[in-house]
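Take a look at these structures.
What follows is subunit A paired twice: with subunit B in the first complex and subunit C in the second.
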Partner chain A sequence: MPLAAGAVLIVAIAMFPSLAPNPYILSSGVIVLNWAVLATAWNFVGGFTGYISLGHGALAGLGGYATGLLITKADLPSFVALIVAAVLVAALAVPIGFAALRVRGASFVIVSIALVLILLLVFQSWSSVTGGSRGLVVPRPFPGMLRPEHHRVFFFLYGGLLLLALATWWLLDRSRFGMGLKAIREDEDKAESLGTPTFAYKLTVFVVSAAFTALAGGLYALWFGDLDPVFQFSVLTGSYIVLMALLGGVRNLYGPVLGAIVVGVALEYFKVEFGNTPLHLVTTGLLLGLVVMFMPDGVIPSLTALVKRLRKREDSSIREVTAADLAEQRKREREAANS
Partner chain B sequence: MSEIELVDVQAGYGRAAPVLRGFSVAVPAGTVVCLVGPNGAGKSTVLKVASGLLGPRSGRVMVGGRDMTGAGPQKMLAEGVALVLQGHSVFREMTVEENVLLGGYTLKDRTRKAKRAAFVKELFPVVGERWHSLAGLLSGGQQKQVEFARSLMVDPKVVLLDEPSMGLDPKATSTIFEQVVRMRDAGTAVLLVEQNARRALETADLGCVLDLGRVHISGPAADLLADPQLGELYLGGRPAEKPPAV
Partner chain C sequence: MPSGALLFQSIILGLLLGGLYALLAAGLTLYFGIMRVVMIAHSAFLILAAYLAWWTNDRLGLDPLLSLVVTVPLFFGAGVLLQRGLLSRLRPATLTMMSVLITFAIALMIEGLLGYAFTGTQRRIQLGYGTASFGIFGARVAVVKLIAFALAAISLVALYLLMKRTQFGWALRATIQHQDAARLVGIDTERTAGFGFGLGLATAAVGGTALSLDTTIYPSLHWHWIGPLMAIIVVGGLGSVPGAAAAALLLGLAQSLLQIPMGATWAQTVFYVALFATLAVRPQGFFGGRLAQRF
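Take a look at the complex of A and B:
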């Protein structure tokens, strides 16, 4: 099933640029894929460990700024800067995670918001390096390329990054490491008592998540070409990411992608139809409320559960079975097979 | 030699008066030892000390003859002491397979882990039958068996069971005690704390009556069951006594 859905996703990514009727739709596709990568990267922490981070927008902002500064200040080629920036953000995620992951639940959420606000202040005030409130202009990697072609190339780059993030999540989900992470999500103390090195696991997956988030942020910097600290270090970005993952289904491989498509398209629609009004905020807030009330596990898990209920599997009984019952049952099965 | 032995243990919580006041018990290999006693006697505290969750204020905790006093739960697990907590402690959103394999998380050797998994599936048939089901969808008794199977993954010397029949109906309770005997027969010693004292003593080899943090009396479980005074005091009367004829 995951492989079939993956094949559908690959075909959709491959075909979308040719089917997009105009460059605006194509650029919207790039934005939606950016959201999809961010939400999938968030799902490494939120989905596996259950830690809800509203600070992932800041990690994307760090990736964007690091990429831009490595190009403008260190004269690195664009895509080398992108990779180096992701490595730097991953390294920075170690002390951040070391401090933040010591607390759980609501305390972790508050720490993650504090991260965004602190970085906003730093990047606004440190204008000699970051450009402050004037922002940072990032040189385009393909200077002579026309806009539609530029969007098409970045759409495929984002598509490749999304598939890489999904493949990594899928592999983790099947690994011993992933099993330990899921145990942390269920009951951290119990997981620790069974020998799972909980803190090391949380920190490792946080670093992996930060690296993918930084790659998405860096790619955005290369595509958009202009960074403003108010937008790069916004709690709203983290909130959208959480909404997307919740809507589609955390703990699910494709949940955040589905959520990113729904919310990302809705956000673009509201911008076009209603301009710079707070209506999109009201609508997304309403959507978040509805999701939490009616589909707390998200769309994909809710639909999967519905299908299972409709099928009414035979093995759904939870009747107590003793060893004697089972021996009798097996005897009957053997007799039926022999006759 | 005993698999685990608590010697003259004093233990308690915070600055409060000690719950255990010079408590001693030994669990020989291949036996089920049952701790019974009234509420507040300190039964669960014994298991907390034995599993490393609570350090004793004085006294010793010996595992296989080695002094492990003060060792934490992970170290005690590595030494072969596994704890099955009171109530239901399965990972509800994970499959039975994942729950059981988590019990062997510290095992690095895949072949050994696979062998242990096959062993516990054989020992607890329901676990094998429900291998791919979500643990949260199982009944209380089945969940308890998953916990038993999980605790046996590391091939422990002794399993500490805290109120395994809590909240279960009579049929599920019977299944649970049946599985305790199977664990013992498979070579694992069991230290059992149970409110259902009569049923637990019927299952156990040795019994120990705990009151006010001390051993009131101990000996073969059958002897304790036969003692009329103990029956009146701790086992809720004697079932052999017939009601007076009307």
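Take a look at the complex of A and C:
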């Protein structure tokens, strides 16, 4: 099942650029894929351990800025800078995770929001290095390439990154490590008493998640070419990611991708139709609230449950025989065996 | 080295700011004590109250303090509704995480609606006594800052008396300490928890009015408040009201003093440094906080 869906996804990614009617649609596709990678990367922490981070937008922004600064200040080639930036962000995630994950739940969320706020403050104020509010211009990796071709290349790069992230999630899901993480999600006390090194597991998966997030952020910097702290370190980015993952379903490999496609397309559509109004915030908040209240497991499990309920007659797992019938049946079987 | 008068001025301003922080942190601590909920929307309600105070002054021509007559009961009711209608309906297993998302969603909605209703323009209350100030020992203190501090101090004392001297306060503290035991002695813990939330949100109404007196407000201002407030409750030890008050005064003072060498923007980082340092060194907080051990 995951392999079949994966094949569909690969074909979709391979076909989309040639089907896209114009470069604008293609660039929207790049943005949606960026969301899909971010939501999948978020799901390493959110899906496995149940710890919800509202600060992943900041990790992506950090990846973008690190990539941009390594190119402009350290003269690294674009894609070397991308990898180095991801390693740096992963390294930075160790002390952040150390502070955030030593205790349970609440502190993690607090730290994740604080991370966005402090990074926004630093990157806006430290203008001698980061360009401050004027932003940072990142040189393009393929100078001279025409814009539609540029979009196409980055669409495939993002597609590759998405498949890599999905494959990693799938492998973790089936591993002993993933089992331990899911035990933390279900009951951290019991997991710990059964000998799962909960803190080390949580920290490791947080670092992996940060690395994928930073890669997505770095690719965005290379693609878009211009970074503004207000958008890179926005609480809204983090909440979009959470909305996508929750809407799609955090326990499912493709849940975040599905959520990213739905929410990402909706975001692009509303941007074109209505521009940037404060009602964006209201709609996002309302949707997030509705998802949390009414389908905290996401669309995929809700729909599966609905389908199951409709087809109940055919494949019910509960035997529909009464205890008396069962006793009768057993008695007959025993007699048959005896005779 | 800054002059003595400047230092003294900063200390006074820091303590006045710390008083407001303490009142707001008390509200956050109440929520956390009752339900282990980190209420992200607290500061959004704060800004909402500030806008209502501004509206009272600007459109109705009344003193902004009069808006308290409406906002305090209104916010109390909103807090009760929030707890009874939304938070208590979440699954207990994922309550901490999902309640953060719910309150976060509410914060986004309030910010968006404020932006829609009042536009993103920066607003400021113009008061007859807005520029009045008086001097003590060479420091100049604005009258409005003192009014804001007095509001915060009076509300904190009222909250303290309510918690210690009234039957409702006993019931609320019992609910915080041990919900099942409280229910066994006949306390309607669900109703008490709802009222506790109302009380917490009422602190945001008072705080917002106090804030509006001498601050320029805009819809996204609440993000500048929620970070420091969350740092305060973590440093104070989640769930401890005296701890939160001590941390609030200390960090308010530190912010005010650091503004002299570092400037206003960088001085804000003191909250985040304190937050990270506390979690890395002493996750249960520096001022007690029994509940913090596990959270």
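Here is the rule we use: the second predicted complex is superposed on the first by the 306 of 339 C-alpha atoms of A that agree within 3 Å, B and C clash if a C-alpha of one lies under 4 Å from a C-alpha of the other, contacts with A are read in each partner's own complex, and residues count from 1 in each chain.
Simple rule for what comes next: contacts are C-beta pairs under 8 Å (C-beta built on N, C-alpha and C of every residue); 3 or more make two chains touch, one makes a residue touch a chain.
Bear in mind that the values here come from a model prediction, so they are computed numbers and not experimental data.
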**OP:** With the two complexes superposed on chain A, say which partner A:M293 touches: subunit B (first), subunit C (second), both, or neither.
**Re:** second
**OP:** Using the superposition on chain A described above, determine whether A:K190 touches subunit B (first), subunit C (second), both, or neither.
**Re:** first
Original post:
Can A:T284 be said to touch subunit B (first), subunit C (second), both, or neither?
Top reply: second
**OP:** Answer with first, second, both or neither: which of subunit B and subunit C does A:A106 touch in the superposed model?
**Re:** second
Original post:
Just subunit B (first), just subunit C (second), both, or neither: which does A:V235 touch?
Top reply: second
Original post:
Does subunit C touch more residues of subunit A than subunit B does, or is it the other way round?
Top reply: C
Original post:
Looking at the overlay, what does A:H151 touch: subunit B (first), subunit C (second), both, or neither?
Top reply: neither
**OP:** Check whether A:H56 is in contact with subunit B, with subunit C, with both or with neither, and answer first, second, both or neither.
**Re:** neither
Original post:
Touching A:M179 in the superposition: subunit B (first), subunit C (second), both, neither?
Top reply: first
Subject >> Overlapping contact positions on subunit A, where the subunit C interface meets the subunit B interface >> reply: none
**OP:** Write out the stretch or stretches of subunit B touching subunit A in their complex.
**Re:** 73-74, 77-78, 83, 89, 91-94, 98, 101-103, 105-106, 125-126, 129-130, 133, 137-139, 141-142, 150, 169, 171-172, 174-175, 178, 182
Original post:
Which positions of subunit C touch subunit A when the two form their complex?
Top reply: 32, 36, 38, 40, 86, 89-91, 94, 96-98, 100-102, 104-109, 111-116, 120, 219, 223-224, 226-227, 230-231, 234, 238, 265-266, 268-269, 272, 275-276, 279-280, 283-284, 292, 294-295
Subject >> subunit A residues touching subunit B - in the complex, by the definition given at the top >> reply: 176, 179-180, 182-183, 185-187, 190-196, 251, 315-316, 318-323, 326
**OP:** State the interface residues of subunit A toward subunit C in the complex, per the touch definition above.
**Re:** 50-52, 54, 95, 98-100, 102-107, 109-111, 113-114, 117-118, 121-122, 124-125, 235-236, 239, 242, 246, 277-286, 288-289, 292-293, 296
